[in-house]
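Per-chain residue numbering starts at 1, and chain names A, B and C are given in the order in which the chains are listed.
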Amino acid sequence: MKEISLVIIGGGSAGLAAAVGAYDEGVKDILIIERSPYLGGILNQCIHNGFGLTEFKEELSGPEFADRFIKQAQERNIPYVLESTVLEVTKDKVVTYTSAKEGVVKIQAKAIIMAAGCYERSAGAIGIPGDRPAGVLTAGQAQLLLNQYGYMVGKRVFILGSGDIGLIMARRLTLEGAKVLGVAEIMPYSNGLNRNMVQCLEDYNIPLYLSHTVSRVYGKERVEKIEISKVDERMRPIKGTEMTFDVDTLILSIGLIPNNTLLNNIGIPTGRSRGCAVDNHYESEFEGFFACGNVLHVHDLVDNVVAESREAGKYAARYIQGQLEKKQDRIHVSAGDGIGYVVPEYVALDGSKTTAFKFRVRKPSKNVYITYTLNGNVIKKVFKPVIIPSEMEIMNIPSELLGEGKGELSVSLVQKEEN
Amino acid sequence: MEERDLICIVCPRGCHLHVDKDLNVTGNFCPRGAAYGKQEVTNPTRVITSTVRIENALLPLCPVRSNGAIPKGKLFEAMKEIDKISLKAPVKIGDVVIHDLVGSGVDLIATRDMPVVK
Amino acid sequence: MKHVIIIGAGAVGSFIARSLSRYQLDVLVLEKENDVGDVTSMANSAIAHSGYDPVPGTKKAYFNVRGNRMMPQVTEELDVPFMQCGTLTVAIEDQQLPMLKELLERSKENDVPAQILSANEVRAMEPNINPEVKGALLCPTGGIVNPFLLTCNAMENAMDNGVELKLNEEVVSIEKVDDHFKVTTKNGVYESKVVINAAGLYSDKIAAMVEDIDWSIRPRKGEYYVLDHFEWNFVNHVLFPLPSEKGKGILVTMTTSGNYLVGPSSEWVDDKDDVSTDSLTLANVKEQAKMLVPNIPFQHQIRVYSGNRATPSTHDFIIENSKKYPEFINVAGIESPGLVSSPAIGEYVAKELVGKLLPLEEKKDYNPRVRKHLRTIELSDEERKALIAKNPDYGHMICQCERVSLGEIEDVLSRSVPINSIKAIKKRTRAGFGRCQGGFCQPIITMLLAQKKGIDVTKVAYGKKDSYIVDHKVTKGEN
């Protein structure tokens, strides 16, 4: 069996940045395993711009952003394999992958970084009512078909879900000649970034129907029409509010789910984000297994993915070097009122000046405090005039506030009292 | 000029801008927001991204973008121009694909390395 | 002139074709859909019922029990996943216990092994069952089968033995001319001595083309949830509630691929082609299923689907010669337990009905087996390595969720039954059946299918003939 210090599963932005982070920390015996015929992952099909403002202080397209990291990895001669699929990861850190070129390869790793990204929630997962014809696609499928293969999925399109990829595809399909008749969002607020609401919908006069969902799909072979309805507070369609649209395509942008099956299969505990429950070193409950990027929790900005993944790489390197002990004492972090999830799930004090907490709120709120409560005592309150679920929050909390690094920390949203 | 409330699209932060009739911008987090606010009410512009047909590469299309913003009203005209051309691999990131896209003074550049694949 | 034309390539038509392919007969199968087994045979509970439930003495009882006994050999020959995991029919309330006794008696009459288990025994076997369980009827010969491959491979085997299949051939009229039938489809005219009507939901319409009939087929819809693989043995048996007039009730079962099915509902519908789903019906399915297994993890839902049972007005399978023309054979109303019955129906129709009309001489080179499927997911590392060394395409993974390689997709494309759609590939290989539902692999398979079949990408169908996936190629650089 081959022995490699660090195996990274996934060669997209997270995997590449993790590799760079580990390499720069001194671990050079790395292998990145990527399933596509190229590195860079999903960024390659995200041909729109807006990537890299934090990381490079430039506004790049997805392929350009990916290229920067591909080159960073290549400059360091970090080894990678393409068109290779990981079949299994064992608790003993044996990684098995398969490819046409190499057949079956087994590697004994010292540490593993999971960086396999996420997948899109499907029509079946939410059970869209009505017929199940062709022409119901996820935004990512439509994006791949259009931007990499050169095929338009339809002429008249409706979009369910206001996730960013859906909004971006609304613009993209419009520019390529399709008529996008509208976007329905089941929540009373948009799930995409504000800038995408403006430059993808408003610019092209595409209506957004908030608190609406697709209540029926019609079509025996291909989509013929769809019906949308307003929903009540329990998200059930309200009778009498139906509107129909004659479309040949329904595109779904209804959420992303961490693609964490390989680690789920060996029983690594997961957190509320559906990725691994990790500590502040991105290490899971299984020693030497790290996770970062969208497989850990779904990000809205790749700049945050690479920053997180570099850290994960750094800590994986320290683990390999014997400099990252699992401490007995640690704080368990939980999502309190109004908070969807928090990463990390555990904090083990390590001398760092600050500790980063990443989370999403459950609904848009104004004039609130994000309140950190450690063992019953409020240790920090951060005022936010506006906070929305579609934007992940990152807050760096001074580690000195975390006391002895034991007990329970809850992050919650508290409405500021009006004077 | 009329007063307008805008959402800044310069970066994903999405600041809520207010532009008054003297083109004073408030609500911006950074100077780029102020510039955007002024621009948006006087001469709105957008970066355009698309693809161009390419031969002898791994994929049939090469992604491209305008190397700067072009007038918003010229987006569809730009698409027509973009869709006319085709490339041959190899193409490098940053290669200029169209000079002076729709007379905007902005170039269209390739955004992915496309080596020759047989 | 053919000896036999079979109308319909569902499970029943395919098994009749397979049984006839033993003999020196020219057999043609006409199917109106774009693939075999694309209607009721595709959208059902995928259960190989033991036969404890049908009324003794009925055709349902006979063919179910016989079919169940044939299942181990048939699935071995046709290389179809089959697991004889047993079924449990569960009593949740005390007053249901006498019904278990009735079912036990019925099982004995049908010659089906069965026993009544105590509540404790049931709880020991099924840790996730409703703890209020009062007892259950265990039928160890019941099981689960892959319904897609059962039908596809029966037809493949028939074709390997000389049967001809034509897809997208909808029969519009049938005429008796002298000693034979003229069967007219939307595309052409075919002639044969014997016609077998195995047209499923439409078998009444087909029968009515040759004579007045006093029976009809009414579609009865069943809606289901599919859950992803989340753990093996969440349930260990097929779990049924006690049957009622509306059928066998909402069941909870694993599938042969480790998914879980919850359903079906039972609603009469007017349109035979209506396989839409409905939120309220599915919500009701969920509620009823919770009576059996309270904590089904519906967060693992990956799909909903529905299928229509071909429910006959006669309450029993119709397997008989037509009154007017003995050479016209109706095989109709094959609702549940139709899937498990189909091998037995095929055998009976060939030997007993066709055999009385045409001489049955066995082919010398008849082979009951299909070419083995190589499923990389079932291979050891060493076997996989050896296979990839021979054909590297088995190392090229296309569907990441279900672990399906290019080699496996190429294999089904090289088999006798033509592959015309993404769904045809999905049914045979499981590519696209996983948690992302083809999110990643469907565009890749679309391009692959166009390339392998030498057709334009815009002609690639998802399922039915005109269910195109992409609308048009973007015009770029063409002038």
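Definition applied: a contact is a pair of C-beta atoms (placed from the backbone, for glycine too) under 8 Å apart; a residue touches a chain by one contact, two chains touch by 3 or more.
Just so you know, these numbers come straight off a predicted model, no measurement behind them.
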| item | value |
| --- | --- |
| Farthest-lying chain, centroid of Cα atoms versus that of subunit B | C |
| Chain whose Cα centroid lies nearest the overall Cα centroid | A |
| Interface with more contacting C-beta pairs, comparing A-C to A-B | A-C |
| Distance from subunit C to subunit B - Cα centre to Cα centre, in angstrom | 53 |
| Computed distance of Cα centres, subunit C from subunit A, in Å | 38 |
| Rounded Å distance between subunit A and subunit B, as computed from the means of their C-alpha atoms | 25 |
| Where subunit C touches two or more other chains at once, by residue number | 474, 476 |
| Interface hub residues of subunit B, defined as touching at least two other chains | 51, 53, 61 |
| Contacts with 2+ other chains: residues of subunit A | 146, 149-150, 176 |
| Touch list for subunit B against partner subunit C, complex | 51-53, 61, 82-87 |
| Touch list for subunit C against partner subunit A, complex | 225-226, 273, 275-279, 282, 301-305, 376, 381, 384-385, 388-389, 392-397, 400-401, 403, 405-406, 435-440, 442-443, 446-447, 457-458, 461-474, 476 |
| Subunit B residues touching subunit A - in the complex, by the definition given at the top | 6-12, 14, 16, 46-51, 53, 58-61, 63-65, 72, 75-76, 79, 93, 111-113 |
| Residue ranges of subunit A in contact with subunit B within the complex | 37-38, 44, 47-50, 53, 59-64, 67, 146-150, 175-176, 193-195, 197-199, 203, 300-301, 386, 391 |
| In the complex, subunit A residues that touch subunit C | 35, 83, 85, 87, 96, 98-104, 106, 119-120, 122-125, 127, 129-135, 137-138, 140-141, 144-146, 149-155, 176, 216, 220-222, 236-237, 248-249, 257, 259, 261 |
